[in-house]
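Chain nomenclature is as follows: A, B, C and D, assigned in order of appearance, with residue numbering initiated at 1 for each chain independently.
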Amino acid sequence: MNEQPAPEDTRSLPRVGQLPPGPRNSISDVGDVRVGHLTLAEGAIQTGVTVVAPHGGDPFIDKVPAAVSVINGFGKSVGLVQLEELGVLETPIALTNTFAVGTVAQAQIRAALEAHPRIGREWPTVNPLVLECNDGYLNDIRALAVCEEHYGMALAARSTDVAQGSVGAGRGMSAFDLKGGIGTASRRAGKFTVGALVLANFGRLPMLILDGDPVGRVLAAAESSSEPEQGSIIMLLATDAPLDARQLRRLARRAGAGLARTGSHYGHGSGDIVVAFSTAYTIPQAPSAPMPSLAMLHESRLDPLFAAAAEATEQAIVNALWHAEPVGGRDGNSRRSLRQALAQIAGKT
Amino acid sequence: MNEQPAPEDTRSLPRVGQLPPGPRNSISDVGDVRVGHLTLAEGAIQTGVTVVAPHGGDPFIDKVPAAVSVINGFGKSVGLVQLEELGVLETPIALTNTFAVGTVAQAQIRAALEAHPRIGREWPTVNPLVLECNDGYLNDIRALAVCEEHYGMALAARSTDVAQGSVGAGRGMSAFDLKGGIGTASRRAGKFTVGALVLANFGRLPMLILDGDPVGRVLAAAESSSEPEQGSIIMLLATDAPLDARQLRRLARRAGAGLARTGSHYGHGSGDIVVAFSTAYTIPQAPSAPMPSLAMLHESRLDPLFAAAAEATEQAIVNALWHAEPVGGRDGNSRRSLRQALAQIAGKT
Amino acid sequence: MNEQPAPEDTRSLPRVGQLPPGPRNSISDVGDVRVGHLTLAEGAIQTGVTVVAPHGGDPFIDKVPAAVSVINGFGKSVGLVQLEELGVLETPIALTNTFAVGTVAQAQIRAALEAHPRIGREWPTVNPLVLECNDGYLNDIRALAVCEEHYGMALAARSTDVAQGSVGAGRGMSAFDLKGGIGTASRRAGKFTVGALVLANFGRLPMLILDGDPVGRVLAAAESSSEPEQGSIIMLLATDAPLDARQLRRLARRAGAGLARTGSHYGHGSGDIVVAFSTAYTIPQAPSAPMPSLAMLHESRLDPLFAAAAEATEQAIVNALWHAEPVGGRDGNSRRSLRQALAQIAGKT
Amino acid sequence: MNEQPAPEDTRSLPRVGQLPPGPRNSISDVGDVRVGHLTLAEGAIQTGVTVVAPHGGDPFIDKVPAAVSVINGFGKSVGLVQLEELGVLETPIALTNTFAVGTVAQAQIRAALEAHPRIGREWPTVNPLVLECNDGYLNDIRALAVCEEHYGMALAARSTDVAQGSVGAGRGMSAFDLKGGIGTASRRAGKFTVGALVLANFGRLPMLILDGDPVGRVLAAAESSSEPEQGSIIMLLATDAPLDARQLRRLARRAGAGLARTGSHYGHGSGDIVVAFSTAYTIPQAPSAPMPSLAMLHESRLDPLFAAAAEATEQAIVNALWHAEPVGGRDGNSRRSLRQALAQIAGKT
């Protein structure tokens, strides 16, 4: 019996959509985007921090064109108001659990203060950007385990090789009553690439759709579950296409299409938030520095990028589920992985 | 050979989602909602007007709580700015082709002026509400064939029995390179119902997903098509749940989830716009009239309605395709129906 | 007694703010902006059309970066949804009375169809842009006197020499219970200019503030007036600074500051809407044409333009009042001019 | 010479607008609104925390209908995304300096966790609400002097007697190159009251308008000043009128009219943000609790409230300036008070 191949081997990672992925099938296929994780996994503490750096430099000095789309604003993110107004990122993007947002924002402020003695003096203040999901089912979120230094550790660990699943901010997250977490993917649209990274913590099992297959209904048939959904999903999009902030806002909205195809109806309690940025150019902090002078993409050429944004987001969610290892956490709560769940069905057949 | 059953009989209308439909599986399952069509179908003129009346009375006197969600604002609708600000409908909702919007808006104004001699004198003006798609592939839209009287004719024809497919404003519409048009559906969420009516005129064939099945890829395999997408979709949601305008805006956003599941990524050139309204109460025109005093739904009870909005929208799109008859129009252009296309595949097997 | 100079001579046109005006103190100081009026003034018909052409060419072919700010959306304008999404103007901007919006929109469509046989065929449709106020106090707005040809006549009459007051769309408008209408002004901000043109039809007399002086309280002291306010104000801003659509949206919002300084609190019934555009570059209709490649203005250099937008708007409103001739209209209604009202006070002293 | 009355006595506190104030001319005239301050004033540390409690109970259990208007989003506030989506406050509103936002948000989270053991378990998380201005000119903002306990101390100090000027979060703020800070006022509109509380930290001296009088130009004549504006203003509105969240958003927008009348053009670098709430009813946390069933105010009755919002905001800003004591802070920086500045002019005459 042990000789048999494990049942999960019978199904391979679904590849959604019709566009080709980039070489790493990861947000790090775009420009110099790097991702770092800091994971806390001990007993009831199952949480962490994930940082996405938009380029190799300091985004306070070389700001990155960006935009936000709030699909469902049941969320406690920090920094979106200024991002919407000014259309730029000026820190790396941090992801963490809901109650760590203030702490991580303070860490971002402290890092900027250390790097720039003129901030808060003759220079303007810095706009921290921290997005969150509630990992309270597995993680003892009330313990406030994330500390300021964890932000720097996640940032320092950044790499083009992006770990997925139950890592970083994704450590304690659940999706579709299964183990959720971090997923990433990319899609090529002509000469441009769109990369997505998600922190997936949403959905109930019966809703799950895998590449069009409503597998959640089958998986859920034998179970009954009734915790109220308190999930969320953060979706980050990066592209190397030269888009301005208005165009990036349009791109961001398309992540919602990918999300919907996995079964979400943007649940009431789910903070579904998208941030999109371009790596094609930067905007200088100093008013005296020359502004970039490049042609934005013609509006009618956006459509392939929109398709790529939807596909990359859907794929990133699938990847988060696929790569997530099962995790046990507070009060005996645990989440099995998608592959375990699929194997169970396969085993029954 | 002729003896064989027609191939399309082998596949039945897909029923999407998990919630039960209302008795008519139609937007007319909600309150006293009625729908009327006026169809123009002669030679190169393949267009029309569809009117959705939110109740049996005069919505200028008894206004209807409502909200809008602009998923992609590449559209020429009239009346959305005031709808967003004041949170009410005050006319029936009219659907028509892009270049008939001004004409139908004038018809709505004229109708209100005739009914209410005080409008434009001591009373405020009326806010017409007309939404549109571009049926220019089949219809000679440049001929401006819709006249003001067509609005009244569509309104007069309103009924709980809602014709679907190539009728009314849907006459000349295309979706997924097939014949599109009008579709409707409803879903029950506890004791409440959400109904959807769509004017479907979006998408390219390879994108089409039918209840999770990416059938468009198969249908498109043998073809090559290259007209630029100039589509759009108007989605109307009605519910008998007591929601205020803010809650209705949240509900409206969920139509985008249903839309995405049919394959849309909210294309650049597609005006994807949702209007949602409640039939649970009305708001009097006269400031002296008593305001309704009823409890809105608790926010945390919205989730089943959100699921219903997504499912009803997806189903309404599927229904539009399913019920659409093939239509030939200007310059020899024509669209076959989804059922013809499916039959062709079936026939090949 | 008759020998005395007329009392209105004792007060000269207030010059608000601190920035210098352009050479014409007019929106036509910006790029090649031109303004044309068509005035209907016979008996109870006191209305018209005003057209602002953003440049000398065809804005459908060479689109103009633009944005909208809806301060109070109690208005029936056409074209704002697409303007917001795509960030461009593609027709001249038309102003008229509330019930003529559909008619003028049809005229814009017809003009675009005539100029471009491919519109509605292989090209996308055109987005008409018509903004409105309700001139129903003086004008028999129910008569629907504006016809399609009036739009073309107004456009043909365009000039750098902008008539103000009771002309064009301003013919029947009232402001502060006085005669309102069209006003224009400009302000220099370093090497750039911001021009404003308003259609002023808002406010009750006691609210009026002239360059900080709450003169309305004095003017209103002897009177009692109780018609409900059904006013509105449309504010157009033009600048030759190279701004993108996001920056133009920020600029547009500042018109609200100028408006407030004249006494407005953005009344419930007043559709207060701003459209801002830049003449620094155009965006080609054809996807194959090269996109403009110029440096946008650094965000921190926007502040002087914001001050200019507020001042130019306030001045344009003052100018509309100052230049408006008294008008009599339907049912014996009439509006005296600001200068008459000021003269009456001066005469009393 | 010393015998003469101090020159500032010659001018009394300007009373702006036309509506009567409430008994305290304070936000505490509305319902059970209370305000508390914690002031840090030692050497280079000139900062603090101000808390506005919307009622006497726990706003997490009895949520308060609320809305936000972002006039200029150059700001780092926390909690606005969820406030906008759900239309409720669920904590007291905290004001502090820019770099203390994360700390105070953590304090709000900790307070909610202590009060409610089910938060972050079976209950949803809490949405902290912290708004900020940058007091870095007087305060050594880089020292991060605000600690979590300061929030609780400010909350505990709440009272109907609202100290104004250089107190609480207003301690280190500057406005119009003068000492700014906390101001409050109220206005009656029929049977309802609108109260405003501002944290004023915006504007350059030449812009200052006092009740229509552009006194800033005179005050600034003898000076030259060139620090870049890095200001902001937070405006809070409370009303006892039964408004829903959509109506409160409309109310909030009117604070911008009051702000403009003091000379602001919503400067690029100024985070101008309004939060409005109603004390007329609360919304229960528990889905099982009955929802309030009361008639909202008829839309056409909002106008007097809008006027009151504009006037109360303008008055609150004037009051902040009028009551602010001069403060010296970091690096020898100091701000004189408005009354000192006025006295200087008076002395010169």
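The definition used in the following text is that a residue touches a chain if its C-beta (ideal position, glycine included) is under 8 Å from a C-beta of that chain, and two chains touch if they have at least 3 such contacts.
Computed from a prediction, not measured in an experiment: that's the story for all the values here.
Of all chains, the one whose mean C-alpha position sits at the greatest distance from that of chain B is D. Note on chain A versus chain B: their Cα superposition corresponds to a rotation of 180 degrees, in steps of 5.
The distance from the centre of chain C to the centre of chain D, each centre being the mean of the chain's C-alpha atoms, comes to 33 Å.
In terms of their C-alpha centroids, the spacing between chain B and chain C amounts to 35 Å. Inter-chain centre distance (chain A to chain C, centres taken as mean C-alpha positions): 45 Å. Among the residues of chain A, those in touch with two or more other chains are 72, 85-86, 228, 250, 269, 299-300. Taken as a contact graph, the chains are fully connected, with every chain touching every other chain. Residues of chain B touching chain C in their complex: 70, 72-82, 84-86, 98-99, 101-106, 109-110, 113, 119-122, 124-125, 127-128, 134, 136, 141-142, 144, 227-228, 230, 269, 271, 273. Chain D meets chain B in the complex at residues 85-88, 244-246, 250, 283-284, 287, 289-301. Against chain D, in their complex, chain C makes its touches with residues 18, 71-72, 206, 209, 212-214, 217, 228-229, 250, 253-254, 256-261, 264-269, 299-300, 302-303, 306-307, 309-311.
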